[in-house]
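See the structures that follow.
Both of the next two complexes hold chain A, though its partner changes from chain B to chain C.
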Partner chain A sequence: MADAVCAGFAGKTSPRTWSRALLLTLPIALWSLFMAMRGLLQPDRSLQVASGVTAAFMIVLFFMMMKTSSTYRWRRWFFVALGVLFPIEFIHNVMVLRGSMGIPIEEMIAGRTPFCFLPIPLLILPAALTRTLVFPGSILPRGGMSGGGMAAMAGLWLAVTLVVGKGWCSYACFFGGIEEGMAALPKKAKWKKLDPRYRLLPWAVLLAMVLLSLALFEPAYCMWLCPFKAVSEYVAARNTVGLVQNGIFVVLFAALVIVLPLLTKKRTQCTFLCPFGAFQSIFNKTSVFDIKIDRTVCSPCVLCQKSCPTMSLSDESIKKGETLMSCMKCGACVDACPKGAAVWHIRGTQVAVKPERARLMFLYAAWAMAAMFGGSIITQGLATILQRVI
Partner chain B sequence: MGGPFLLGEAFLLGLASGPACVASCGPVVVPSLLAEGAGWRLNARYLTSFLGTRFLGYLLFAAIAWELGVLVSPAPAARIWIYGGIHVLLGVTLLWYARSIGRSCTHACAGSGLVSIGRVGKRSVSGAAVLGLLTGVSLCPPFVAAGLRAAQLGSIAAALLFFAVFFVATTLWFVPFVGFGCIRRNVSVIFVARMAMVLVALYYLLAGIALLAGRRVYG
Partner chain C sequence: MKWPSSKLGYTAAGMTVVAAMLVPFLLMGLFAKGFTKLGLHVDEMYSGGPTARTIQADGYTITIHKAVYPHLLQTEKPFVQLDWKPVNALPQHVSDAVDVDGDGQPDVRVSFDVPKDPKMPLRVDVDALKPRYQAMRKVGRQKFSELIVRVDDTILVRVPLIER
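This part shows the complex of A and B:
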C-alpha cells in the first residue's frame, strides 16, 4: 500500500529519490555490465567503445524508469535504437559476406541464412507432421551463417515468452523499433479513426501463412509478405516473379513501417500485419504480468485507448478493466492515464494493490532480456558504425 | 492382383496420404469453412459438399486420364497449363467466396444454408462445391501417387474403384474439421477467415499467373 499512499491517485506513484532509484537500478547495472564484458574484453577498440556505450545506455534508461516511474518513453529510446541499429549491422554483414542484400535461392536452400523468430509459428505444423523445418536456415552447427542459432533463438524466445508474454514485441523484437520511431515523430495523428476490425488482420495473416506454409512446405510469410526483407535480406530476383516479391516487401515496408505510423502514430505493421505478434498474443494468457484498468478510479477519458500504439484497448475492454489480448505491455497506457487507473498487475493478485511492485518485477525480467538480446544487437550496430566512421 | 488386395492397397494409400491431402487442401478448406461460421450440422454439409465434388473431380480426372493414357505424366507444357489454370480458378473462386460471405445472410439468418457464390438456373451453387471440384482436379502429390497406381490397372472400372476407395480413406482425415462448429457465428472468426481467404486467393492468383506466363516462382 505504500506505493498508493505516496501517490495522488491509486496507481500513480510519485518520482523516487535519486538514491532509491539508484538502488533499484543496481541489479540491472550489474547485469548490463556483465553483458558488456564480452565486448569490453575484445581487442577491437570500436567493439570496446560500443559495449561500454550500450551498457551505459541501458543503465541510464532503466534508472530513468525507476526515477520517473514512467516506462514507455524511456523504453522507446531503447526500442528505436534497436530497430535502427539492427538493419545497419545486418546489412553491413551481408554486404561484407556476399556483396549484396539479395540471397540466391540456392544459398537459402543450403541454409546460409540466419534464423529469424518471425516464422516460428509457421514452422510448428510442418515440423510436427514431418519432423522437417521448412525455414531455409540450417540447424547444424556448421550448416551456414545461422549455425546453431536457431536452437538458441527458439529456446530464448520460449523462456522469455513464458514470462513476459507479448512483452517480447516491446522489449526484444528488432523489427518494431523503426515504426515506433516513425510513430513518435508527429505531434498529432492525422488519421485518427481506424476501423477496429482491422486489428484482427494479423490473425488472418497468421492463419493464411500457417496453412500455406504447410501446403507449400516453405515459410510463406518470408517468401511473400515480410516487410523487413526490405531492410535485411531477400531472395535475389532473377525474373518477374522475384521482382514482384521484392516489390511487395518494399511496398509493405514503406506503407506499414514508414507512412502509416507517421499518419496514425500507431505501430501499424505490428497492429495490422505481423503474424508473429498474433501468435505471441496467445502467450499473454500464460504470462504472469498484465495491465489492468482500475474501474474504481477510471473516468472514461479514453486517453489510454488513444495512447496505445497497437489499438489494444477498446471501449468494451476498458469497461471490463483489462486490455485486449494483443497488449504488448509497452506501458504507454499506464503512463498516459492521469488518474493512475491503468496499472501493472500480476495475475492472481488484486488489481491496483502495489502496482508499482508488479511494474518493477515485470521490468526486471523484460529489461534483463532487453540488455542481453537487444543490447548485443545495439553493440554490434554501434561497433559497425564506429568501424566505418573512425 | 485380387480385388480385396487392390482395395486394401487403395485404402492404405489413402490413409497414408491423408495428412498430405489435408495439408494440400488446408489453405482452401480451413478459411472457407471457418468463414461459413456454421454449426456442426452445417459444417458436415459443407464437408459433404466439398468432398463430394472433390470426389467427382478425382473421378473425372482419372477417367479422362485413363482414356488418354497420360494420367501422371502429361507433357510439361500441359502440366503447367493445368496447374496454372487451376491456381487462377481457385484464386478467383476464393475471392468471390469471400465477397459472397459478406453479402450472404447465412450468419444473420438462423438455419440458412451454405454460402452461395452464384446460380445455375434456379439452383444456387455453393462455394464449397466449386472449391471441392477444383481441388479434386488439381494434381496434388497424393493424387499423383494414386494416379500412378491406378494407371497400371487393366480397366477403367478398376481404376475408378481404386480412386473411390483411395478417396474414402483420405476423407477420414477431414472429419475433425466438423469440430469447427464449436466456434459458430463468431464475428471475429468470420472476419479473420474471410481475410485469410483473400490472402490465400492472392497467393493462388499470383502463382497461377506466374505459371501461365511461364515464370518460375522464386528465383
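This part shows the complex of A and C:
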C-alpha cells in the first residue's frame, strides 16, 4: 500500500500516479459495475442510462480519492447527489402511487407506510417491552409501499452498520446530502462561534423521543420533529394537530437543512437534532475504523475542528488525539490538516503508522456500501428524471 | 505488546471489507430474516388487532377483530374493528346489525353507503345496541379508533368502546 510521506509530515500522502490510482480503483470499478448490472439489464432505456451513469460516477469519484488522497470533497459529490436525488425519486413514487405526499390513514392501516431508518432507535423499547412495533408499516421484507418493509430496512441498517458503524451518516444516509450541499455553498461561515454544548442536543432529542415513543406508542420523531418529512412524506393532516405537525416539519427543514448550514458551513440537522445520528454514534465504539490525531505532529491549529461538519472535534478530544463519539468518518479533518496529523486509523494499530492503509481499507468497505445502497438510490433518481425529460 | 493487537486490528479490518462484499448477497437478507423471526407485530392501533371470527352475510363477509386497547398515554379510545369484504359484493347501502361479542345478540347496527368510485369519502353511522359501544354519526376517518376507510377490497369500520 502506498504510504508515501509528503514533505516530512507523517500522515500526509502525496498524489498517486495515474496507473497506481487506477489499479487501486479496479476493485471498486468491478463492484460498481456489478451493482449496476441489475439496471443495465432492464429493458427500460432510462434505467439503463441511469445505471451506467451512476456506476461511472461512483468509479470516477473513487478514482479521484485514490489519485488525490483526498476523501471528503469527492465523497461530498456522491453524498449531495444522494441527498438531492432521493427526494426526487421518492416524491415521484408517492405521487404516482397515491397522488399526494400525505400518507392517508388507510395506507397506514394497510401497513403501506414506507419505513426509513430514522425511527429505528425509537422502536427498540416498545418492541423489547411489548413485542410491538409502533410504526404503521409492514414487517415483511417485501411489504410496505414500494417493497421496503421494516425487515428490509432493519436488515440493511444492521449490515451497513456492521461494516461502517457511524459511517452510515456519511456514506449511506439519504437525507444528509441536502444540508451538506448547502453547507458547501458559501466560501466562509457567517456564524463561526457555535456553543459546543449544542452538540449534546441530539442525545437529548434521542432520549426525549425514545421515552415519548414508548409513552405515546407512536414514532414520536416522525410525528413531530423530522425535518425530512418536508421532502418525503408526512401524515396527511386530518385536523389542527396535523397542520401544526406539518408546519413544524417545514420550519425545521428550512432552518436546519437550508438556512443554518448556509450560515455555519455545518451539517446542522445532524449536529443539533438527529436522534438517529446520536444513536448511531454508539456504533463508533464497535467499528474497527476511526480517526486519530497524531499528537507528535499536531500543532493545534484547530483547522480540523473548524472543518468538521458535525463538531465532532473538541479541544479536549484533540489533546487526547481522538475525535468525539459523533465522528462520522467523512474525512474532512484529515483533508484539512496541513500537517497530516489527523489520520485514518485501525483500532489496535499504532497511530500514524500506515494511515493510508487504514484509509484504503475503510474506503473499500464504505464505498462498496455507498455503491450498493446510495448508488441504487442515485440510479432511481436519475432514471426518474430521464423518464420525465426524454 | 503492540504486534498482536496490530495484527488483530488488521484482521478485523480485513474481515470488515469482506463483510462489506457480503452485505447484498448474504448479510442483508440474513438480518432481515432474523428480524422477521423476532416475533414482533405492528401496533394494533394501526393493524386493527387479530381476527376474532367471521360472519357470513348475503354474498359478503363481516370479519370481527378482537378489541384493541390503547397503551399508556396513547390518545385513542379502545375500539373494535369490523371488515366488510369484498366491496364489489356489497349493496349500495349497507345496514347490518352485528353481534360483535358472539353472545347471539346484536351489539351495534352499522350503516354506510358504498360509492362506486373507490376514491369517494365514506361516512358511517353506528347505533349502539349495547352500552359497551359508542354510537357514531357521519364519521369519516378522523381518528384511528373511530373511522370508516376503504383498504383495497375491504371496508373497515372501527367502533369505539365506552369502557375497558
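In the analysis below, the second predicted complex is superposed on the first by the 374 of 390 C-alpha atoms of A that agree within 3 Å, B and C clash if a C-alpha of one lies under 4 Å from a C-alpha of the other, contacts with A are read in each partner's own complex, and residues count from 1 in each chain.
Everything below uses one rule, namely that a residue touches a chain if its C-beta (ideal position, glycine included) is under 8 Å from a C-beta of that chain, and two chains touch if they have at least 3 such contacts.
Predicted, not measured: the structure shown is a model, and the values here were computed from it.
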Clash or fit (per the criteria above) of chain B with chain C on chain A: fit
Is A:215 touching the first partner chain B, the second partner chain C, both, or neither of them? both
Computed vertex angle (chain A) for partners chain B and chain C, CA, steps of 10°: 50
Look at A:207 in the shared chain and tell me whether it touches chain B only, chain C only, both, or neither; answer first, second, both or neither. first
What is the contact status of A:127 with respect to chain B (first) and chain C (second): first, second, both, or neither? second
Once chain A of both complexes is superposed, is A:105 in touch with chain B (first), chain C (second), both, or neither? both
Examine A:158 and indicate which partner it touches, taking first as chain B and second as chain C; both and neither are also allowed. second
Contact-wise, after the overlay, does A:197 reach chain B, chain C, both or neither (first, second, both, neither)? first
Contact-wise, after the overlay, does A:244 reach chain B, chain C, both or neither (first, second, both, neither)? first
Which one hits more chain A residues, chain B or chain C? C
For A:43, select first, second, both or neither according to whether it touches chain B, chain C, the two together, or no partner. neither
Determine the nearest approach in Å between the Cα atoms of chain B and those of chain C after overlaying the two structures. 5
So the chain A residues that chain B and chain C both touch are 104-106, 214-215, 238-239
Taking the touch rule as given, give the residues of chain A at its contact with chain B in the complex, in rising order. 104-106, 129, 197, 200-201, 203-205, 207-209, 211-212, 214-215, 220, 223-224, 235-242, 244-245
Going by the contact rule at the top, pick out the chain B residues touching chain A in the complex. 19, 23-27, 30-31, 34, 188, 191-200, 203, 206, 210, 213, 215-219
Using the touch definition up top, name the residues of chain A that touch chain C in the complex. 31, 35, 104-106, 108-111, 126-127, 130-141, 150-152, 154-156, 158-160, 162-164, 214-218, 238-239, 288-289, 346-350, 358, 361-362, 364-366, 368-369, 372
For the complex, which residues does chain C have touching chain A? 2, 5-10, 12-14, 16-17, 19-21, 23-24, 27-36, 38-48, 70-75, 141-144, 147, 149-152, 156
